[in-house]
Every structure is written in structure tokens, then in C-alpha cells.
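I have a structure I would like to understand better, so I am pasting it below and will then ask my questions one at a time.
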Amino acid sequence: MMKTRKQLAAALVVLAMLLPMVIQAEEKADVWLPSLITNSPQEGFELAIKLSRMGVKSTQSSKEVLFRERAKYSQDGEALTHASEVIAVNFQTVAAANDYWK
Amino acid sequence: MMKTRKQLAAALVVLAMLLPMVIQAEEKADVWLPSLITNSPQEGFELAIKLSRMGVKSTQSSKEVLFRERAKYSQDGEALTHASEVIAVNFQTVAAANDYWK
Amino acid sequence: MMKTRKQLAAALVVLAMLLPMVIQAEEKADVWLPSLITNSPQEGFELAIKLSRMGVKSTQSSKEVLFRERAKYSQDGEALTHASEVIAVNFQTVAAANDYWK
Amino acid sequence: MMKTRKQLAAALVVLAMLLPMVIQAEEKADVWLPSLITNSPQEGFELAIKLSRMGVKSTQSSKEVLFRERAKYSQDGEALTHASEVIAVNFQTVAAANDYWK
Amino acid sequence: MMKTRKQLAAALVVLAMLLPMVIQAEEKADVWLPSLITNSPQEGFELAIKLSRMGVKSTQSSKEVLFRERAKYSQDGEALTHASEVIAVNFQTVAAANDYWK
Amino acid sequence: MMKTRKQLAAALVVLAMLLPMVIQAEEKADVWLPSLITNSPQEGFELAIKLSRMGVKSTQSSKEVLFRERAKYSQDGEALTHASEVIAVNFQTVAAANDYWK
């Protein structure tokens, strides 16, 4: 029985050690923007695209509507230019954050 | 009676001490932008969304109209892109205020 | 008569002293933007709203037309987003002027 | 005759002194943007309005067309918001040039 | 045979030396934005055009649709102005990255 | 013959010296943006107009189409405001490059 208690204690220690990792993993699922720093200008541009999409998603979270609308406006030159404009504004922010990868 | 006067004086002192807190509490109800500083880039993005919504609210304060219009333009790709653009401009301000969370 | 002259002189001195204040008061009526510095981010946002409205007013000064148009576009989601965009651009200026209230 | 020569010399000196002013006056007619520095934020805002109008004028120089179009779009809320946006962008430049009148 | 082994060893060394170049060449096909630094303002402007097109491409990757839409909106003054606006925003980023080629 | 060889050598030297100038001259025909530095704010504004037009030209190079579209949108208030907006964005870049001509 002494042994069992020790085993239980050990198991609790392991659990206690694992717990923060479980919590961290759950929190990570919600963290989509941990940093503005990227390894290269190109990765920065990809982050700018992500920011632009998250901006859209903040107003319309339904994936169904987003896919339907994207199918429509991705066929329209003016809408595509507008999408590129939003990315350009976000890329300014990301580039400044990375001191322009100098 | 001497005692009553003292009690009244004491009560007045307490009231006088409480008054600023009451006023502060009422003022706080109106304070929606105490600072541009946030703990992380993601919280900064959420603040940018808030700023964009407060910009809309400054022109149209009726919640009824706001909900009706949001229901409409959240179904339209071009309008969603425009909303994302305003968030991008506000995110530039918040990111600069936080020195890009470097 | 000597006394009257003295009184007149005194009256003139008083008038001369008041004159700058009168002129200043009249000038103040036109001064709507004495400074970009505000006490808080929120006051800065309110100044950004003011700047956006003064920009509109510089093209259309008729209050009648302004109220009529505002009644119209405050009912339209896209126009409200556009108004929020102009405020966002002006808020960038005000925030930079205040060193982001750091 | 000696006197006449002296008078002529004097007249020439006066003319020579006036000449730069005449030239300057003619040049001034074309110089509409000698500096971005203004005495106050409000004068800076007025300069931003001027820059916005000169931008329009660079594409359409006919005063007749400009007045006709202005009469039209100054009646339209969306167009007024757009005009305010251009002023806001130019005001950013003027404000930065003046170090935000700090 | 001793010779053959030596030849094989030599061939392997050459191969090992070439390998990184082959890999690099393959990687380069995907790297379209290695740097924001350019030799001149004009090359910077060309990079801004490239960024604007990559922004469009991120939403619509089909070359067929891109060519069709470009054929349409390149015939429309308003759309051309919009394209120029996106380039202007990206040029701000590239110019800042190059310290304005001072 | 010795002389002829010397003459030929001399001619070749002259040619070699001229060659870079010829190449440079040909290259210059294509160089439309050698620098962002201008002598005055007004020249900077003119450069901003040039940048805006080159942005349009990068999408539509046909002069015929450009003149036709310009004739159309220069008659439309909203399009003129848009053109002024693009100039304003480019003027921000040119003004920053010149440290605001301080």
C-alpha cells in the first residue's frame, strides 16, 4: 500500500506537469497571431494575407457565406484589386514590424 | 447632540471620500478606449476591430439600424473586404503604439 | 474739463485693454483646431471624428444638405464603413501627434 | 545734361531694384506650394484641402467642368465622405511635415 | 579498381557540391520576394507593381480568370485608378525599406 | 602601316570610351524615376502625379485607351476625387523622401 501511495503521488506529479501543456495546447488553438515577426519578406506577405482574411472573418464568421462570397468576388477584377489593397495596407504594418527585413 | 454632530461630520467625511469614486465609476462607463497598449498582437487586432466599430457607431448610434445593416453587408464580399480594410488601417495605429510588440 | 479729459483717457486705456480680448474672442469663433494634442486616446478618437466631419464640411457647408445626406447614408452599411475608414485615417494622425499616449 | 544723366542713372537703379519684385510676382503666380510648413494645425488642414483640390485639378483643369461636378457630388453623402478621405491622407503629410505642431 | 573507386569518390564529391545548387534552384522557383531592397527607385516601383499583382493572385490563382478580368478592367478608367492606388500603397513600403534611396 | 595600326588603336580607345555613354543614353530613355528627391514641395507634388500616372500605365500601356478613359473619367466628380487620392498617397512617399523639404 505504501507503494501504491507512492505510485499515486508520482502519477499526480506527472499529471501536474502535463496539465500546463494541455492548457497551453487549448489556448494555442485560439492564438492565431502570436507575433508580427517573420523570417523573410515573403513570409511577411503571407502574414499580411492572413491578417486581411481575419479582418473579413471578424465581420462574417460563417464559412459557408465566406466561401460563397469568395467564389463570387474572386471572379471580379475590381474586387480582386480591393483585396490586394487590404493586403498592401497590412503588409505595411508587418514590414515595419520587421524593420523591413534589413 | 454633540455626538450626533460628530457623527454627521464623520458621515460627511465618508461621503466626501466616496463621492470621487462614484463619479469615477460613472465616468468609467463612458470610457471605452483607456489605452492603445495591448498584451499581444492578437489583442491589438481585436482593439483595431473595436475602433472600426466605434467609427461606424459615431455616425449611426441606433443599434437597430446597425444590426440590420450588418446583416446585409456581412453577406456581401465587397463590403466584407471594405470592413477588413478599415481594420487594417486601425491595426497600423495600434501596432505602432505597441512598437509592434517587439 | 481737466477731469473729463482724464476720464476719457482712462476710458480709452480700458478700451485699449479690452480690444485685444474682443478681437481674440472673435478669432476664437473660427479656431476649431487649436491643437492635435488630447488628454487621452478616446479624446483623440473624438478629434479624429471632428476632423472627418470638417473634411466633409469643407466641400459642402450647407447644414441643410449635410443633415439630409447624413440621414441617408447613416442608413447604409457601406457608407458607414466608409465613414469609419476616414476616421481611422485621421486617428492615425492624432495618435502619432500624441506619441500614442505612451 | 549732367543732371539728366544722373536722373537716368537713378531711374535705372530704381528700375533694377523693382525688377526682381516684378519677376518674383510673376513667378509667384505659378508657385502654389512654396512650403508644407504652416503656423497652426488648422492652417495645416486648410493646406490639406488645397492639396486635395490641386490633385483633382491635375486631372481636370477646366474650371467649368470642376464647378459642374462639384455642384453634383457635393450633394451626395458618399462623394463627400470620399472628399474628406483625400483631405485626411494629405493632412497626414502636412502634419508630419510640421512635426504635429508640437 | 583502386582507380575506379577514386573516380567514384571524386564523382560523389562533385555531386555533393552540385546538390545544394540544384536544391537552391528548386527553392528559388517558390521564392518570389527574397528582399525589399532594390537598386533604384524605379526598380522599387516595379517591385511595388509585383506586390500588387501577387496580392490579386493570392485571392485568384487561375491565370485564365486573371487574364480575362485584366482584359476587362484595363479598359475602365476607375479600375485603372484603383490599380494605381494599390501600387502607391505598396510603393510606400518599398520606398521606406530602401530609406527612400537617399 | 605602323601608323595605321596606331590610328586604329586610338580609334578603338575612343570608341571604348564612347560606348558606355551610348549605352547609358539608351538606358536613360527607359529611366523615368532616377530619384525621389525634388527641389521643392511643388516639384514633389508633380512627381506624385507622375507616379500615379505610371501606376495606371503599368496596367494599361495603350495610349489610345488611356486617352479615351481619361476623357471619360475626367468628367466625373467621383473619379476625379479618386485620382486625387492616389496622388495624395504618392505625395506621402515623395514628401517623406525629401524630409518634407524642411
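Each chain gets a letter, A, B, C, D, E and F, in the order it is written, and its residues are counted from 1.
By our rule, a residue touches a chain if its C-beta (ideal position, glycine included) is under 8 Å from a C-beta of that chain, and two chains touch if they have at least 3 such contacts.
Which protein is which chain? UniProt says A, B, C, D, E, F = Hexameric tyrosine-coordinated heme protein.
None of the values given here were measured: they were computed from a predicted structure.
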item	value
Other chains in touch with both chain A and chain D	none
Turn needed to bring chain D onto chain F - CA fit, degrees, nearest 5	65
Fraction-based call for chain B against chain A, same above half, different below	different
Chain of greatest Cα-centre distance to chain C	E
Whole-Å gap between the CA centroids of chain A and chain E	25
Distance between the centres, which are taken as Cα means, of chain F and chain A, whole angstrom	42
Chain E: positions in contact with at least two other chains	70, 73, 82-83, 85, 89, 92, 96
Contact graph of the chains (line, ring, star, complete, other)	ring
Successive chains along the ring, chain D then chain F then the rest	D, F, E, A, B, C
Residues of chain A that touch chain B when the two form their complex	31-37, 51-56, 58-60, 65-66, 69-70, 72-73, 79, 82-83, 85-86, 89-90, 92-93, 96-97
Interfacial residue positions of chain C with respect to chain B in the complex	40-42, 45, 49, 70, 73-78, 80-85, 87-89, 91-92, 95-96, 100-102
